[in-house]
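Shared between the two complexes below is subunit A, which pairs with subunit B and subunit C, respectively.
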Partner chain A sequence: MSSPPPPWPWTDPYVADLSLPGMVFAAMARSTHAHAALRSIDLAPALATPGVLAAVDGRAFPLMGGVIHSSRDEPVLAVDRVRYVGEPLAAVAAVSPEAAKAGAASVAAAFDPLPPVLTMRSVGLDVPLHEEHPDNVLRDVALEFGPVDESFASARAVFAGTYHYGASTHAALEPHGVVAWWRPEGRLWVWTSTQCPHLVQHGVARLMGLEPSAVRVITPRVGGGFGGKSEVFSHEVVAARLSMLLGRPVRLILSREEVFYTHRGRHEALIDLRLAVGAHDEILGLDADIILNGGAYAGMGLVTTYYAGQFLGIPYRVGAFRFRSRRVFTNAPPAGPKRGHGSVQIRFAVERLLDRAALSLGLNPLAWRMSLALKSDETTLNGLKIGSSGFTRCLEEIARMTAPLQCGEGEAIGVAGSAYISGAAFPIIPNRLPHSQAILRADRSGLFVLTVGVAEIGQGALETLRTLVAQTLGQPTDRVLAVAGDTDACPVDLGSYSSRVTLMAGNAVIAAAAAVRRQLLEAAGDRLAVAPESLDLVPNRVVVREDPGGKGMSLTRAIARAEERIGTVIGSGSYAPAVEPGPYPGGALGPSPAFSFTAAAAKVRFDPDLGAVEVTDIWIAHDCGRAVNLARVNAQLHGCALMGLGEALMEQAGLHRGIMDPVGMLDYGVPTARDLPRIHAVVVSAADPAGPLGAKEAGEGPLLPVVPAIANAVARAAGLDICAIPLSSEDLVRPSARETPLSGEAALR
Partner chain B sequence: MANRIQQNMVAFVLNGRPFSVAPDPDETLLETLRQRCGCADVKKGCDEGACGACTVAIDDVAVPSCLVLTVACAGSRIVTSAGLATDPLARRIGAALAEAGAVQCGFCTAGVLITAWSMFRRIPSPDRDTISRELTGNLCRCGGYDLMVEALAGLG
Partner chain C sequence: MSICDVRTARSLEEALVLTAEGWLPLAGGTDLVPRMKHGLLTGARVVIVRGLKELHGVHTTDTGLVVGACTTIADLCRSSACPPWLGGACAQIAGPRVRELATVGGALLQERRCRYYNRPVLWRTASGACLRTGGDRCLAGGDRCCATQRSLLSTVLVAVSASVVISRGAEERSVLLEDLYGPEAGAWRAGGIIRSVSISRMAEAEGKVAVEWIRRRASIDYHDLVVAGASRAGSPHEVSVTVGAAVPYPRRIVLPSPAPGGAIRSAATLIPSAQSGRLSPAYLRHAAVVLAGRVIARVAP
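Take a look at the complex of A and B:
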């Protein structure tokens, strides 16, 4: 088979490109108040707008939305209160997008303003956003592992710092959008730009009062997610409702401004951190007080609250640790999971404090981290079973790549380390069902058709899964096709979040492929009168392993023989992690079948007069287990490097006088090709026993150490203690911010 | 009446074919292409000139179509990525991007392709600096710039 032609950009439609006969267009009306009681809402002017066909408000949705059962606090459309500027208020369907917009603009709502909660720093003192949480805290989690007070009492040195991590947002290039079609037979089809088709299926069904079996969710091509498309959103549900009202397909595509309101981005975090170092330079103890700005609703915030503390220590061995983590409600768009969910902020704090400690103790920051590294098969104090760890090798790679470099005037190199889960071991909704399932069918034509529920969002999931199938079957990858992201066609998969797809769906597809392989070899063995165990699959052929040139048969013949023997040649596989939760409340949040490890370094040039920082190089060494698809892993490392660069230096998505600001790409400012440092990415490849053919995650973990590596480099170059992200040149240039230069300003080596 | 319709018509050449539309006075070329001309290959990422997903070539110059009013395009030659399906240079660019792993979610790719195509027609052998400068208007949130630059530098 010749290699397939290159993917041509326009071939697969994104949701905004879909058109159906009779389709109409929807737009949303949104709150202009940060915090207010909603006195009344009048849809009549909207319905009187030319071209408008239907309109709905919060009364159409009796149930509250929210991914986590215990914290369903978010109305589909505001009912009696609005809690952030941009919160969905009403939705209008019309014959054209313009008419829908005009209709939405004429929805009349009356508000009684309430005092808004604009910062998380006054936690406990504000007007509550939700009655159930009088102190505005979604969850207050405190966990302690090992003798923390003793470790601080016996420390050789104790360091403390307060760190602020600014909110940022995903800014996937494709805005969210949906086409919903209530069909005459009484089923709802939903095409949506999502990372989690099955989650949307169940969520939309619940909020519409339908059975999940009545809802089919299909993902067209998805233009990036990064965590921002992993919940059930108002626009998905209102489009469904409007379609049901009209009996016509409804398309609703968010504007870029609306994407900023939809948010679910990185939680702003305020972290008080203490570190105890022992006589042998070991980490005796860590103690963190973490406050997370969750915005107006819970979303996946419960997970964030735990992750921020549970991942405090990894990738290092820690004698004892404790944390208190609180997620606070404010009148801002809800925060949520963004690439490296929950652990990016805490990584910044820990890696900064470690670097300060290294300077003060005269330790080489890289060699010190190496001495602290978690090794394979260790179990952390909070019960995380590490599996394989390539962390030491990651640090060695960083040392090797940065060793020959000289730093000139105003230049410095910073390093940092991290670890991340390869999928959460326990699902958001507790159950013992498989997390991933796969069906593989051998077609008479010699193709293998894989059916999986995962969503391809640009991360290369399908190519990776196809590669795993191909390798199990000894065939080239282009022999394997994938059908995915359709809840009617595909078995349940939890979705493309928490870096779970390669490991979990990967194990499922391998099991399916192994079953097909067995069927083919048994059929061929039967025919050739040899034991199936002595046979092997090579490209396009079944051969005798010891005598590949001898008797055998073509692959298509083997498939035909198997069909004669057993009917349809089909294999299935499923995967559920065999992992125990930690034996304490919250012990299900944190464990994973495997952990990836990353070390990063950044070289910066600092101009003290302008406070300007230029990142000239980023090095990433990532342990993703065995790299199934090196090009895709490499692309993820590049993506993580640039997203980390953006978070460290330029991106901030916060409130300005109660309004999300900025709400446009131009003002928000993600890295461009001109901000591009030299990126040096290497993969540290070593098989993990829990991974499919040894693979672990590569999509999120590599971002974690990039931000602190940049911060550590700037701290060294500028002689400042960097405690806030994003770095602002105002802070860096202001003389008052220029503390006494840190002593022992050793270069990296 | 007939006269008024005549006045409102804007004629241009789109992907090699003559095309006339009757746009609203404030209609952007992006809206016209997507809604009136069936060009689903031109993407809307921001609608404010920031992302480059809507990039098309107007008289061989790559521009964000969301910043251009359709009424200003009378007599122009407009090329979108779909119009380059058989163009040898564009095919080479597309293949190089794909091979380098620079097509991830793909939402930026059609715009990047137009920018690169227009660059190579002006500058046959661009160096890396030139390429990154030329690509500045095309955001790739999947972070593929380095892979793109590498791939395009290899074509020069």
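Take a look at the complex of A and C:
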């Protein structure tokens, strides 16, 4: 077999391609008010619309949605209040998508407008969105590690800045969508574009008043997620309810506009940061006050609130640090996890301030970062166990690649560094169960069928897991098939988020593969009268390790012999991180089995007359542990460069006069092929003992330093202090942007 | 999409009869169809004209270049008759897929755009109606509608004094494109069919047309500001600057010689003071002057 095996039949189409006998179509009615009491809602006009078969409103869903137990505040459909423009109000099922839309458009709702909270800057002063949070703050977290005040008092230099990071969204090409089918036998099947099929299974079951065993979630082909498909959404639950009412499959695909209202994108952040530098140029202290714009509901915001502070210091050694992190409610679509969750905003602030400090102190920004780098096996002040660190090597690679370069008039190079988790060590719902599980069956045909609960969302996770199985069994990857993303067929996996799949599902599949390998070698050893330990698996054969040309047998025979001995040849594996939480409240949010490291540089050309920025080159050196699949890792590095470029220069998704803006792909500026700079990606392998064959992560970490590297380059090229993302030509050209002139020599120029 | 009727014209005559009755011509549809989807053309009747042979083709004549109105921008770029300055400008319009559909005539008569107008129904309902959608105020802050035609091609063709042949019912005339955008030609813009565009030979001298623009992304995005400079091959002292995309329709200023500075600065005054796009009027005015200086430096003798 030379080409990869075809995908599992159920996972072939996207959800919008699914068509089932008797299927009907659903559409949602949404709020046109940013903040209002919902006085009444009348479904009668919708039900009278030709072709409409059923309609539901918030009264059909007595329970509140939300990922985290302690902050379930989001109704499936608005009940007595609407909190953002675009919030789901009602849903209608009809014989055609057009009839469903017409029905949804005729839902009559009456509102009493309330003053909207449009900015997070007036935290504590506005009308509360939720009665439980009179100050509009979801969570106010303050943690301190080490003697912060003393470190600032004894510093040789203190730097301070206020940084603003604009909200952005995921812009996955495939919009969210679902087909739900309440089946005659009393079970609900849900095909949905999600990163977390098991989370959706439990969430939909809870909100529908069903047992999880009554719900089967299937993930068809998913056209990207980037964090935006890792919650249980209204459309999934209402499609299920409508299907239950009608006894027919219901398809509900969000329009692009609705995807923008669904959001869960990067939190807008306002960060006051202070940095204390010691006599030997060490970081004595960091002190951050972080405000996050969470939008109308909690979602995963609790995690974001902690991550923003917990990752303040890494990838550097820091003498002491403290942070206060608050996530504020506003009348905007809820923010949530986006690639590099919680960490991208704070990285921008820290790397900008470090760069300003380097200029002011006359330090080479790269060499300084090298001197500050966390090394393997260090533990941070807040208890993050680093495992392997290839950060210094990443910085060396950046130095090697950028050293020969000359910068012309208006050009400069900026650098930045970062570290990121390879999966969260603790699940959102506290328990001691495995995070990932895998089942591997050897088939008489010589194929291996791997069953895992992860969702393939276009990132190539299944190819990587198949590769890990193949390497453990000494077989080519195309001998391994993967069945995934079906909660009936697959064991539980927490999902494709938090850069956890390679490490966590990877460890589980290796354990399963090792069990199958043992069974095969024992069966072959028995037949060949050789100790199993002296045998090895090579492509299509079992051989004696010391004499591969001698005694042996074909792989298919070995599988058959094993079946004779033990029946079905099957191995299972599971993984739960062996990591302790930090000994303080919130100490479970931050730890990870392993950390990836990245260094990046960007070269820009700046046009001072127009304030225009052109990024000509991006260099990324990323320590992903061992690269199980080099092509996939490289693809992630390129993708991160592209997304970082977009966030730095083009993309923004926030409120304009109380409404999400933009709400379409033409206005939301994902970089095009013509915007791409030259991307130079290098993989650094600091294999980690916690990772499968030493692997860590590559999906999110490489994004983190790209934005500050671009900002640092622009700061140097323009001679300006860059304090806000995305960069805007208007700010860069206006004299007011020049209020904080930079001094000192640009070390990399 | 709430469209009442769609017909495909079998002949130019039929199309002219229908447009005289208020039907809208549809060529590539890249401008019209998104407006339909956004519920901005409720009740409109549409006649598809892109198949009409008479409206296609790129030819050189004794006096210059003639381009059929339904020639796609991609076909114009590919034509050996297309001069490099025009092909280069066309290659900056939208992205490759749009250029394969979008026509020259459609580019010249595409609707003026606004961040409060080119939006889906729910967004517009939430933001409220403006002068153009039945409301009583301009949401962009203008005292009248200041939406802008974000067309690079219009700007460049106004810069080189291109003219169009346009029919309306039984009438036909050749008008300077610049005049077609003037206040008196409103009825022709709304009820006519552009048949062809003519670019006289004077504009074809390479290096005498220069175009600069502001655009967020290097592809797909509509231009925020286009400034074109042109000088006449025969009379090098006549240098003009045309400002487009940030103004309702492109406007041309002929610069006095030998001291064009003040006129360059007047490019800024063309930009409306209300903000209908992503960039502020203050920035656009500043940028218009910067770009005008740059194009003049490239075309001035």
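Methods note: the second predicted complex is superposed on the first by the 734 of 749 C-alpha atoms of A that agree within 3 Å, B and C clash if a C-alpha of one lies under 4 Å from a C-alpha of the other, contacts with A are read in each partner's own complex, and residues count from 1 in each chain.
As a working rule, a residue touches a chain if its C-beta (ideal position, glycine included) is under 8 Å from a C-beta of that chain, and two chains touch if they have at least 3 such contacts.
These numbers were taken from a predicted model, which means no experiment stands behind them.
Residue contacts after overlaying the shared chain place A:Glu174 against subunit B, while subunit C stays out of touching range. When both complexes are overlaid on chain A, the residue A:Gly664 reaches subunit B and subunit C alike. Of the two partner chains placed around the shared chain by superposition, subunit B and subunit C are both touched by A:Thr672. Number of subunit A residues touched is higher for B, counting subunit B against subunit C.
In the superposition on chain A, contact of A:Gly86 is made with subunit C only, not with subunit B. Contact with neither subunit B nor subunit C is seen for A:Ile283 once the two complexes are overlaid on the shared chain. Legend: residue contacts after superposition of the two complexes on their common chain; A:Ala713 is shown touching neither subunit B nor subunit C. Looking at the shared chain after the overlay, A:Val350 reaches neither subunit B nor subunit C. Of the two partner chains placed around the shared chain by superposition, subunit C is the only one that A:Met650 touches, whereas subunit B remains out of contact. Overlaid on A, the two complexes show subunit B and subunit C touching the same residues of subunit A, namely 255, 664, 666, 671-674. In the complex of the two chains, the subunit A residues touching subunit B come out as 6-10, 12-14, 16-17, 170-175, 221-224, 226, 253, 255-256, 457-460, 631-632, 634-635, 638-643, 664-666, 670-674, 676, 678-679.
Residues of subunit A that touch subunit C in their complex: 30, 32-34, 85-86, 105, 255, 257, 609-610, 612, 650, 656-661, 663-664, 666-667, 669, 671-675, 729-730, 733-734. The residues of subunit B lying in touch with subunit A in their complex are 40-41, 43-51, 53, 81-82, 85, 91, 94-95, 97-110, 113, 131-133, 135-149. Those residues of subunit C whose C-beta lies close enough to touch subunit A in the complex are 95, 115, 119-123, 125-127, 214, 216-222, 278-280, 282-283, 286-287, 290.
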